[in-house]
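By letter and in written order, the chains are A, B and C; residue numbering begins at 1 in each of them.
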Amino acid sequence: MTTAGEVAVIAWRSIRRTLRQPANAIVLVFPLMLMAVNSNGLKAATHLPGFPTDSFLSFFLPFTFIQGALFAASTAGTELGRDIDTGFLNRLALTPLRGSALLAGQLGGALAQTLIQALVYLGVGLAFGVRFAAGVPGMATLVLLALCIGAGFASAGIWMALRTGSGEAVQSQFPVLFFLLFISSMNLPRNLIEVHWFRVAATLNPVSYMIEGMRSLVIEGWNGEALALGFGLSIAFVLVAMTASTFALRKRMART
Amino acid sequence: MAAAHGIEAQSLVRVFKNVRAVQGIDLTVAPGEIYGFLGPNGAGKSTTVHMLTTLLPPTSGTASVAGFDVVKDGPKVRAAIGAALQEAALDPWLTGREHVRLQSALHGIRGREQAERADELLTRVGLTHAADRKVQTYSGGMKRRLDLALALVHRPTILFLDEPTTGLDPQSRSALWMEVARLAREDGVTVFLTTQYLEEADVLANRVGIIDHGRIVAEGTPDALKAQIGRPTVEAAPSQAAELGALAAVLERFGEQTEAAPGAVAVRLDGNGDLADVVRALDAEGLRVENLQLHAPSLDDVFLAKTGHRLEGDEQVEA
Amino acid sequence: MSRGSVLSVAFALAWRQLTILRKNPSLFVPPMLFPLMSFTAFAGGLSRLRHVPGFEFRGGYTAFQFVFVLLQSAAFGGVFTGFGIARDFERGFARRLLIAAQRRSGLLLGYAFAALARWSLVAVMLTLVALAAHMQIGGNGIDLFGLFALAVLFNLVGLLWACGIAMRFRSVQAGPLMQTPIFALLFLAPVYVPLPLLEGWIHAAAKLNPVTYLLAAGRGFISGDPTDVALAFGVAVALALALSVWALRGLKRAEQIV
């Protein structure tokens, strides 16, 4: 079987079992809850001088995509961790399946989940009055960027699973990635963050640029620099995480 | 269709950090044979299986499976073998049929052949009625049967079964034994079966290798191994306790006294008579017995003789 | 304390819970990490909100957020214990407890003691971090006692809710049911700005939300301007009593499986 065929088979399995788990619906709902709460609870922030928009929902919407991507990544990592735990990876190792196809296929479920989430969040945002400065092409670009970011986080989740060999361990390590979300420009633009160390941390945090790339499509229009940074960093994230996962898979699936 | 090659291992060793899990295994399994690999928990059975199935490289030593070196020709070995390992290793969210299709696809079986193979295997393992249910609804026995079906998808010539009936009820165990025996008898599949259950090795295996602390301590057919240990033992308890001495005197004509339960006498038969002769002798002396048993040596007795302790798993089963 | 009394059962179970924690320090990580992350993100990232016209609070934004995060950590400390109860059911250990305990209500009390002990460590860590971040404390010793007493009650509320869910569903898959209502209660409150600065539906929701009054009183305590204290404690005690009934009924349901 060709590599593409193998990727398709593994992706089919990954997508099927992701969509069959009722608990995954929660990860669709939770970011929406947070969006509802924060976009209203932080509305007062739009009265701050220099705040770039008068709609906090428009400002906050991109964060919802990132959060959804993180949940999808947690799912991907946890599922692979369980495969290792239960011996299913050994079953796959006994077939002609290539390691690269396994990794690429595992991303399938995460990307399917990310895509569904992205479309739902987009729909909800539009229904509650968000207007895209970059128009319909901007919406498509936003979804594409969300998928790139989702692939990055999912690759990180896969790497964690291969390193730890346990679904539970992956779940317990995911707060670290959540921390990256928190120390970013998720709630305020970086130039309005008062606390110096926090502003520096947010400036150094690649997640800030991913959020800002998406945000630019909503509230600014076409900002080449923001988009370049957003796409560039998320693609770099995918490459780094997938490379690390490749090495980790060689150790984990030590077949001769 | 029997394979031309079976399994061979020479001085196979596997070390984990500072634990020598396998300390030099030499074995040969002929094509079409069912080889039972018997030993307690932690003896090195699964580690040996992992090496022979290419999932773990040996630290030293060599092995060939189906004529291919397990280190140098890993992909060729994997193409020739099927394995049902210690964990059933199934995805709870896929159905039985989807599992077979996944396995088939990865082995390059496509289209109509894939669907037909799925039907054939699911029927053979008795899972047709549950084929389209998610595996999380399956019982332990059903999961094991599906595991076996998945190991057979690509028609391997050599099958590795790592403790396939652990945790199964007697009925499920029996059904699995029948299928394994049929595979060897009718399809000529070579079977390497690890187990901690004596009965399983006794019933199924043509030859048995007993492993303890990473080494093979005995190897041979079950009957030959038991014969090495000795002849059967007869144990009897008198109806009246006062006749114990008289009972012992009669039994000693047929062999040497050995360990017995309280209130009973046991002798190891030395060839001067069998159970029928013992019964006739007791009858001639007018001795009535409450309990009369013939103990043939078991593989556990073989294990005890070779290692100085009994198989743990057997104790758990009997308890 | 007689053998088999409620207290003896409670202490035995609490000892077991804390022994598990002692042997698995990694179990401390989530309940410790999330409050610290929240505190860092909110107090560090949103401090400029104090410049929003109409933001009236004496104590500084760090103290403003500390109160929220303290209550959040207390509630989720209780919820995490609920996960443990659900795991006990899944693994069959709960059955052993139900059979062995002569006074089964002691089991609830034991889980409550354990939740409180576990959360205490989190509270200490959080307080130290807040002090290191130069949090302003306007209240005196009695005020601070009041603040932490409110948090203790809220820890009990979180536990009783999660306990009731755990005993009814007896599976960790009910985790989202334990967390989501608590999350909703916490975030449909004046988290980032005082109540008068909330607008629209969230303002209406916050006015009806009991947590709003706990927050107001807690922020009053820390700034040295105690506000609606009786109301806050009344709400907290009422929640705890109502959820005690909920948890005890859950226990009765769980007993039926033994």
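In this text, a contact is a pair of C-beta atoms (placed from the backbone, for glycine too) under 8 Å apart; a residue touches a chain by one contact, two chains touch by 3 or more.
Bear in mind the structure is a predicted one, so any value in this text is a computation, not a measurement.
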**Message:** From the centre of chain A, which other chain's Cα mean sits the farthest off?
**Reply:** B
**Request:** Identify the chain whose mean C-alpha position lies nearest to the mean of all protein C-alpha atoms shown.
**Result:** A
**Item:** chain A and chain B, separation of their C-alpha mean positions in angstrom
**Value:** 49
**Prompt:** How many angstrom lie between the CA centroids of chain B and chain C, rounded to a whole number?
**Reply:** 54
**Request:** Please compute the C-alpha centroid of chain A, do the same for chain C, then give the distance between them in whole Å.
**Result:** 30
**Item:** Touching residues on chain A, where the partner in the complex is chain B
**Value:** 1, 5-6, 9, 13, 16-17, 20-21, 83, 86-88, 90-97, 254-256
**Request:** Would you mind writing out the residues of chain B in touch with chain A in their complex?
**Result:** 53-57, 70-72, 74-75, 77-79, 81-83, 85-91, 93-94, 98, 102-103, 105-108, 134, 150
**Request:** Spell out the part of chain A that touches chain C in their complex, as residue ranges.
**Result:** 23, 26, 30, 33-34, 37-38, 40-45, 47-48, 172, 175, 178-179, 182-183, 186-188, 192-195, 197-198, 202
**Prompt:** Can you name the residues of chain C that touch chain A in the complex?
**Reply:** 26, 29-30, 33-34, 37-38, 40-41, 43-49, 51-55, 173, 176, 180, 183-184, 187-188, 190-193, 197-202
